[in-house]
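Heads up, the next two complexes both have chain A, just with different partners, chain B and then chain C.
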Partner chain A sequence: MTCDAPAPAAPPSPAGPVWRSYGGKRRTTRTLRVRVSAALLAATVLAVLLVPPLVQLDQQAVDLAAKLQAPSWEHPFGTDDVGRDLLLRCVYGLRVSLLVGVAAALTATVIGTAVGAAAGALGGWADRGIMRIVDTVSSVPHLLLGIFIVAMFRPGVWPVVVSVALTHWLSTARIVRAEVLSLRSRPYIDAAVSGGASRWRVTVRHLLPGVMPQAALAAVLMVPHAMWHESALSFLGLGLPTHTASLGTLIQGARGSLLAGQWWPTLFPGLLIILPTLAIAGLAGAWRERINPRRRSELML
Partner chain B sequence: MLELRAITAGYDRRAPVVRGVSLTVAPGEAVGLLGPSGCGKSTLARVAALLHRPDAGTVVLDGTPVHRWRHRAPRDRRTAFGVVFQQARLSADPRLTLSDLIAEPLRATGRRAEAPERVAELAETVGLTADLLTRRPHEVSDGQLQRACLARALVLRPRWLVCDEMTAMLDASTSAALVAVVEDYRARTGAGLLSVGHDHTLLRRWCDRTVHWDDLRAPAPRPAEPVAAGHAPA
Partner chain C sequence: MTTPPWGAMARLAGRRALFAGPVLLAVTFGVFAIAAASPFDPVKAYAGTAALGADQETLDRLRANLGVDEPFWVRWWDWLTAALGGDLGHSSVLRQPVTQVIGERLVWSALLCAVAFAVAVLLGTVLGVLAARRPGSLPDRAVTSLAYLLEAAPVFWIALLAVWLFALQWDLLPAGGLTDTASEHVTFGQVTSHLLLPAGVLAVSQLPWFTLYVRQGVADALAEDPVRGARARGLAEHTVLLGHALRSGLLPVLTLIGSRVPELITGALLVETVFSWPGIAAATVEAATAVDFPLLAALTTLATAAVLLGNLLADLLYGLFDPRVKLSDM
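Then we have the complex of A and B:
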């Protein structure tokens, strides 16, 4: 074969290259989504952490002369029906909601992972028994069960956390069990057993680290859900006492003024439920794409 | 003496993969088990290494039957076997570095103190350089990973080795190197070997004795069924 001189390079066409890749564009959308979500979440967290210490105002300060004022420079979110500043109330409410969301999601994930890993690792009768209990508990509507648990305590933040956590570990338990079952049949578990590993060691050293990405993803997705539950319980008047600002109590308290045409006491707390939810869901979606087994080089078959 | 007596095993009691198979490996003997793909030789290897409980039949180890175990065989029995599987990629925990991988059996049996010394010694035996030991399975080649898996199988100084298609995924020089490591270990310790495979030439050269799967089968073999028969209505 003769070695020809390289063919003259094609003249750059004004319409751009012939080959078009859509991969770059799709990656850009994903990056944009991650960045927007991260920025929103960061803004929310910063607001929650920084506004109360910086703005030395009393969120409970009643000013009946300034009641139900529309958003203005003085009160960017307006005031509520007893003249409290809504921006401040919303930030405090978000604080409580995020606290409940994160605490409940963490507790639910720990319970769910423990139960799911126990069922998956023990197998046999233990597995069947545990999963039937899970099925039984999940056959009760979980908002109803949550109301029942909350009703046993005095109103406050921790009863709500307990109620949301105790009703939301079931899906995590199912996810973790399924993952453990699939990992358990891999040859590296056989190799560990042959090397003398006890059942406990196999579970803790080889199975649980393998399910951690999935469990963590479930936990992250649980945070907005738990926030919604807190709002729902408070809206029903069962969660937090009415004077404690939470997104749910704010919306609940604003129902009357909404009917009278004052939209701001409902809109802003509502937006503050939706925005962090979307931001967390956006980040979790990107994370889920990352831990997709097809993209994980170490488990490529 | 490792005796498999009339083993019936499988993953569904109604359709066992292995039916009434008997096989004996004397101490220090190397037995090669040949058979076509899917015949059940890997399952038999798992039974021999006490990783799979047979539905019927007994595994007799040095004259005492290993029996009455529900999920796992007793630990001291299990660790008498070093097992190497066909797919190194799947038989290594993806989160452990190669040195942790090799040391894992020592840690699991409470002999953590010996680990650094044994790992260095075995890495040299199987031909792994020090920089490879800090990598994780997805950062090394199949051949390098299989070397680490062989080192892990030898780390507890087993009296029996079970190699399930150890060299099937490897190139000729790596295969030869690993077989040499196994032979060297056996020459020093007098360990017995059950090597499963379908490579006649390799197993005949490697082992003292090769047996073909068909010669192990029970007198009444399972009738040959066409593959599609399982899906057709009766």
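Then we have the complex of A and C:
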């Protein structure tokens, strides 16, 4: 299906044959899903890009007179325990989390594509050795490895990006390798080889462009994972410094007020993790159906 | 069912053990290599705040005693030989030998994970069958949307909201810990009431994967010939659904059980932290915050071993329940 296909025409007129098409209705719900996802994602990106330059937020500003106000028209998400507007803090947090997520996902995809393509293109012993390494690294739980790396290097933005990237390249490497292996048996590769192309040229000019769609899809799907990872690390106090608003540190900082009964400082940052995740998953699902029309596709996170 | 092929199962387990040895070696080696590359200084970590006042000579003596100056592979080898003898070092943050920390806490983590996993598998199967019975119906849509929502929600966020709802608003269940603060002994009733909330949250966080897999498997099986044949023979709908479709639809779930173990450990890490459950995962976070290297190294190795064990379990189950699969081929 196409992402921006117009809604299909109305059901056939009753005068026509009595074939009833269930396809029409199904298509609309899918189109709806894609449109809602696209709108949500666009809103998120716009908010993250436009709000910070327009509304300057002093991260340290404190207004104790307005502390812990419930959501109202003035403060749609309420205020936190030192009187800061939570909507603004959440947008800033989302900005940091998205930034870390995108940076980590890009790094992980580059590593994964390079390793996977090398394994697939070299074949033989190199392939087996590389895949053994991938198996070994993937048998350590991701978050634990991330915690270990962040604990050894001091917490901060870059250790978090590195730790997320180092734990997430494995799936991309596997996908890219499988794709390269299937492409290698195609006639156009044989043609390139018999035309005298070197192994390097075949890999870079003929194999890599073929795996790009799959690798890009994996990269997009990795952004929510990386965001999740960052917020989990920050929540454990091992990610970003506590005064930086990220979605994880916001939830971590709200634990005190949650035990006193105020739910809004916890609820809204979490919702802002869920929304982009679902939006990205919805769009990626449509995209995958386009690359791979034969496979029936489910939303995948 | 015929008698299980014990011999083939043992051979598979043996082959996996041969593979697990090098993996564990490589993981511990990697752990030591990362520590050597990091700015982390074991002497300062060992001495704590006393290092600030100590003179250089004392620090140097300490450095020589701890053997920090040796290259990391020498320290790795020393650690490994000691670990095989049952000595995993001393945890500086919990002020106990590492083996004792693990021994005391492993039981509680295992209890939490086992209960949560069992609940997730059972509830996921029920919900998945419910959804697969009529694809596109209201229950199907409700179950799948809920599953996607739960899949996207961070587990620590669910845990915090659960604490708020069940412990603070309704005052039904305790908010954390293993027993009440006043009680001296660990009794069955206390542990049960304290276990309900963390295990429930952990189960809910694992639930969507099982639900979606069962739904997919059963829905696929419902379109296959054996089910059509069963329907043609006039079997009752629930016999068709549970006796034929569910039986073959559960097969992919068996592989999922193995591959979910890392996620389960990750979830346990976060859930135990939120509920201050005295398990091994909470100790990991403490160790990481205080950069307690011996404890962290041991726990990373332990978690890797658990993941490998989970993979083996999944393969054994698969070979046991799917007659088309030969254990000797895996």
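The rule we apply is simple: the second predicted complex is superposed on the first by the 272 of 301 C-alpha atoms of A that agree within 3 Å, B and C clash if a C-alpha of one lies under 4 Å from a C-alpha of the other, contacts with A are read in each partner's own complex, and residues count from 1 in each chain.
Methods note: a residue touches a chain if its C-beta (ideal position, glycine included) is under 8 Å from a C-beta of that chain, and two chains touch if they have at least 3 such contacts.
None of these values were measured; they are calculated from a predicted model.
With chain A as the common reference, the superposed partners chain B and chain C fit together side by side. Within the superposed three-chain model, A:P224 lies in touch with chain C and out of touch with chain B [touch as defined at top].
Applying the stated contact rule after C-alpha superposition, one finds that A:L236 touches chain C and leaves chain B untouched.
Contacts of A:G123 after superposition on the shared chain: chain B is touched, whereas chain C is not. Note on chain A: of its two partners chain C and chain B, the one contacting more of its residues is C.
When the shared chain is aligned, chain B comes close enough to touch A:G210, but chain C does not.
With both structures placed on the common chain, the touch criterion links A:M152 to chain C but leaves chain B unconnected. After overlaying the two complexes on the shared chain, residue contacts for A:R201 are found with chain B alone; chain C is out of touch.
Residue contacts after overlaying the shared chain place A:A192 against chain B, while chain C stays out of touching range.
In the superposed pair of complexes, A:L144 makes contact with chain C only, with no contact to chain B. By the touch criterion stated above, A:T244 is placed in contact with neither chain B nor chain C.
Between chain B and chain C, the smallest C-alpha to C-alpha distance in the superposed model amounts to 14 Å.
The intersection of chain A residues touching chain B with those touching chain C, taken from the two complexes, comprises 298-299, 301. The residues of chain A lying in touch with chain B in their complex are 123-124, 186-188, 190-199, 201, 205-206, 209-210, 297-301.
Here chain B touches chain A in the complex through residues 46, 49-51, 71-72, 75, 78-79, 81-83, 85, 87, 89-95, 104-105, 108-109, 136-138, 149, 152-153, 155-156, going by the rule given at the top. Contact residues of chain C toward chain A in the complex are 22-23, 26-27, 30-31, 34-35, 38-40, 148-149, 151-154, 156-157, 160-161, 163-164, 168-169, 175, 212, 216, 262-263, 265-266, 269-270, 273, 284-285, 287-289, 291, 296, 299-300, 303-304, 307-308, 311.
Chain A meets chain C in the complex at residues 135-137, 139-145, 147-154, 224, 228, 231-232, 235-238, 251, 254-255, 258-259, 261, 263, 266-267, 269-270, 273-274, 277-278, 281, 298-299, 301.
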